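The first chain written gets the first letter, and so on, giving A, B and C; residue counts start at 1 in each chain.
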């Protein structure tokens, strides 16, 4: 007998399974998956304000601009204003913007260990916790929000949803293929392992800047 | 003011520790129950609720004593104990002891529903707004674990303390932290227990209160014993029953 | 070493006691603040409890469903009988893919299995990348003392000295500098490793995914950069849907550190897909039994709901006094006092279920409502049932129960006891050395009893006219 069958067999014995209770269990499982019951959820109003407040609480910085065309100039200003490099790696999804026109040296593609600034979009943004929801794919490699020391995320205002449940619902509806990685990002990487003192930039970005468009 | 004895009978479960160590606590409890308008009765054959056996894993011993307790006390409309941990045993654990004996389980549940810790009974059931005694001095209250987390005894003793004009109530830090007694834990693991009760003593001293009041004699002996061992002869450790009944002297 | 000796050693270690004192109560305070700021906490706790309990009721079917989905997504699902078997499976995977270095993000199951030692013995280099776990690994593979804050028992000075010695750098006392030194050491490891090993906070049956919760980002690096990703976790970690994940994520970080959410939550589903620029080429799940199956349907089943948040130890007066290493195995605190005897054998951890005051601070804060004190008490019961308690204790309990069932004898016994204690007190209000309970008087005085029992005084009062 395989270890798999042995473990499952012991689970069935412990549960006192018979053919009929197994059948009932399968029905319960399918019903649960179909029902997708939610627990208590976050409020669904004032999404923008809550998103900004929560994102700042998670130590993301937040800025706004009116149109997507303004994004490169905003990024350039913010980077210069903070004395950060103006060489950036941009996800393919944002390749069409005029990065060079804003004075940025932009490479489109997946980040490597040498890239210092990564620019990404986001699939959705979650107001409840000030969180970005990033789905990996050819247009949006996961590494771009992870390897660079600085992560700038472009957040279309209409992508801000109340909570994770709302984001999952939209993912199920919109994504034709389920992404390999869904990463929820709430501010810069951090650790408190030594004496419970919070330090930013443990392994991922030291800073996360959110640019809300619209 | 209710007429004495007009509200029916209340059986006092003295608890084995009070019987053995501090009878005055039980007399104070009788005084408080009577002042609330009840006839206080002390069933004579009572001994122990069985908690030491229960917590040692000797369920058979605990079950035998639970049967004895149920038979003795179930005829009363209310059962009151000057201890959160003993009342908690009856209220939350007796029904579990008879999971496989429906008849006894029903009796245990019926008993559990009318068993109360003393201050819980006085405030939640009797609705008392006056207490017989007064006490002059600052008092901090230690929330014993079973009373707090099994029975929800939190505001009741404080409400009653606040009825005493001479009491200045002060909260110590971490008043809900365990004192490290834990029944046999205190003698089985004295080193751990000693370190925990030391923190409790530091919190009591830190509050600056003249007295610490509490609802369980086990915790009381643990805290008093440690304070005295530390050379603190001044901080008074008082059972809430004695304090409310006016049976202890205050500050100056 | 015996539990009591381990405890004595920890209590006598001034550095450890200083370190415990520094952080004592801080996580509890953070959790309390997070709960106060989140009005739905109790309702979420109830729902989280129900989710975990409902999975356990049908764990066999949920696991099959998870496996089917994971396979559909191109992952390989392996089943491990126990920790040793999990190590064998992982070494096989490593050999199959020519792996020399494994970067690891935090996995308590890996600690259960002793994976690092097994990998090293097989010539494969494990590199812990969680800052705390890394510190422990370079300190001669010291075990963690807390399930989510593995080096809570260390001071920055100790870390500084360790880094200076191992990295050959100048000693630093600034925590930020120490953290960034570790970052610089570990970054090339992530970039160069062939395999990433992660734990799994949850396995989502709906999608066949593993969800990983981290703050540092090492979990993301381990599961994104290397060619092979292995998720090592227990069979009890399945949850049904993405909605359930959302619910559990509201309660896990709040219970653990008081955070509303961790910095990163990663949901990983299968290997790299066509067109993906990143991600592992191979993804494996290693699902470990290791004693879990036996708990299902038993009186200890509630323990399988555990989501490893650490709230129980953060609120435990005993853990906060003796630290995690005293417990002797991987899991410390109340959840460890239940799991260790269940996974390692009742007779291997006789003290743990007793070394608790049953104060129930743990039960009150547990995000999935595990009645931890009840489970410890049930373990005490099992020890008695199997005759594992010392004979002296068994006889004492029986004798006490026998006497307590006989009121007349009991009354006589207490009369004698009071006189004996009064004699010991010798006219004072306290007893300082008591032969029958030396443990008591080792730490505190024993207040002397009143001259007579309540029973005697009450009888006198009644005789005196029933005042």
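Everything that follows uses one rule, which is that a contact is a pair of C-beta atoms (placed from the backbone, for glycine too) under 8 Å apart; a residue touches a chain by one contact, two chains touch by 3 or more.
From a predicted model like this one, the values you see are computed outputs, not experimental measurements.
Q: Hey, how would you classify the chain contact layout here, line, ring, star, complete or other?
A: line
Q: Tell me, please, which chain's centre (mean of its C-alpha atoms) is farthest from the centre of chain B?
A: Taking each chain's C-alpha mean as its centre, the farthest from chain B is A.
Q: State, to the nearest whole Å, the distance from the C-alpha centre of chain A to the C-alpha centre of chain C.
A: Using C-alpha averages as centres, the distance is 29 Å.
Q: So the centre of each chain is just the mean of its C-alpha atoms; given that, what is the distance between chain B and chain C in Å?
A: Those two chain centres are 32 Å apart.
Q: Take the average of all CA coordinates in chain A, do the same for chain B, and state the distance between these two points in whole angstrom.
A: Going by mean C-alpha positions, chain A sits 53 Å from chain B.
Q: What parts of chain B, by residue number, touch at least two of the other chains?
A: none
Q: What residues on chain C touch chain A, complex-wise?
A: So the residues of chain C touching chain A come out as 22-23, 26-27, 40, 43-44, 47-48, 51, 54, 57-65, 73, 79-81, 85, 129-132, 135, 149-152, 154-156, 159, 175-176, 178-180, 183, 186-187, 190-191, 205-207, 215-218, 220-221, 223-225, 235, 240-247, 249-250, 257, 260-273, 275-279, 287, 289, 293-294, 296-298.
Q: Once bound in the complex, which stretches of chain C touch chain B?
A: 4, 7-8, 11, 25, 317-318, 321-322, 351, 354-361, 363-364, 377, 379-385, 389, 393-394, 397-398, 400-401, 404-405, 407, 410, 414, 417-418, 430, 432, 437-440, 442-447, 449-450, 452-455, 457-458
Q: Would you mind writing out the residues of chain A in touch with chain C in their complex?
A: Touch list, chain A to chain C: 2-4, 6-8, 10-12, 14-17, 22, 25-26, 28-29, 32-33, 36-40, 54, 57-58, 109-110, 113, 128-129, 131, 136-138, 141-143, 146, 163-165, 168, 177-197, 199, 201-205.
Q: So in the complex, which bits of chain B are touching chain C?
A: Residues 14, 16, 18-24, 26-27, 42, 44-48, 50, 52-59, 61-62, 64-65, 68, 145-146, 149-150, 174, 176-178, 180-197, 199, 221-222, 224-226, 228-229 of chain B touch chain C in their complex.
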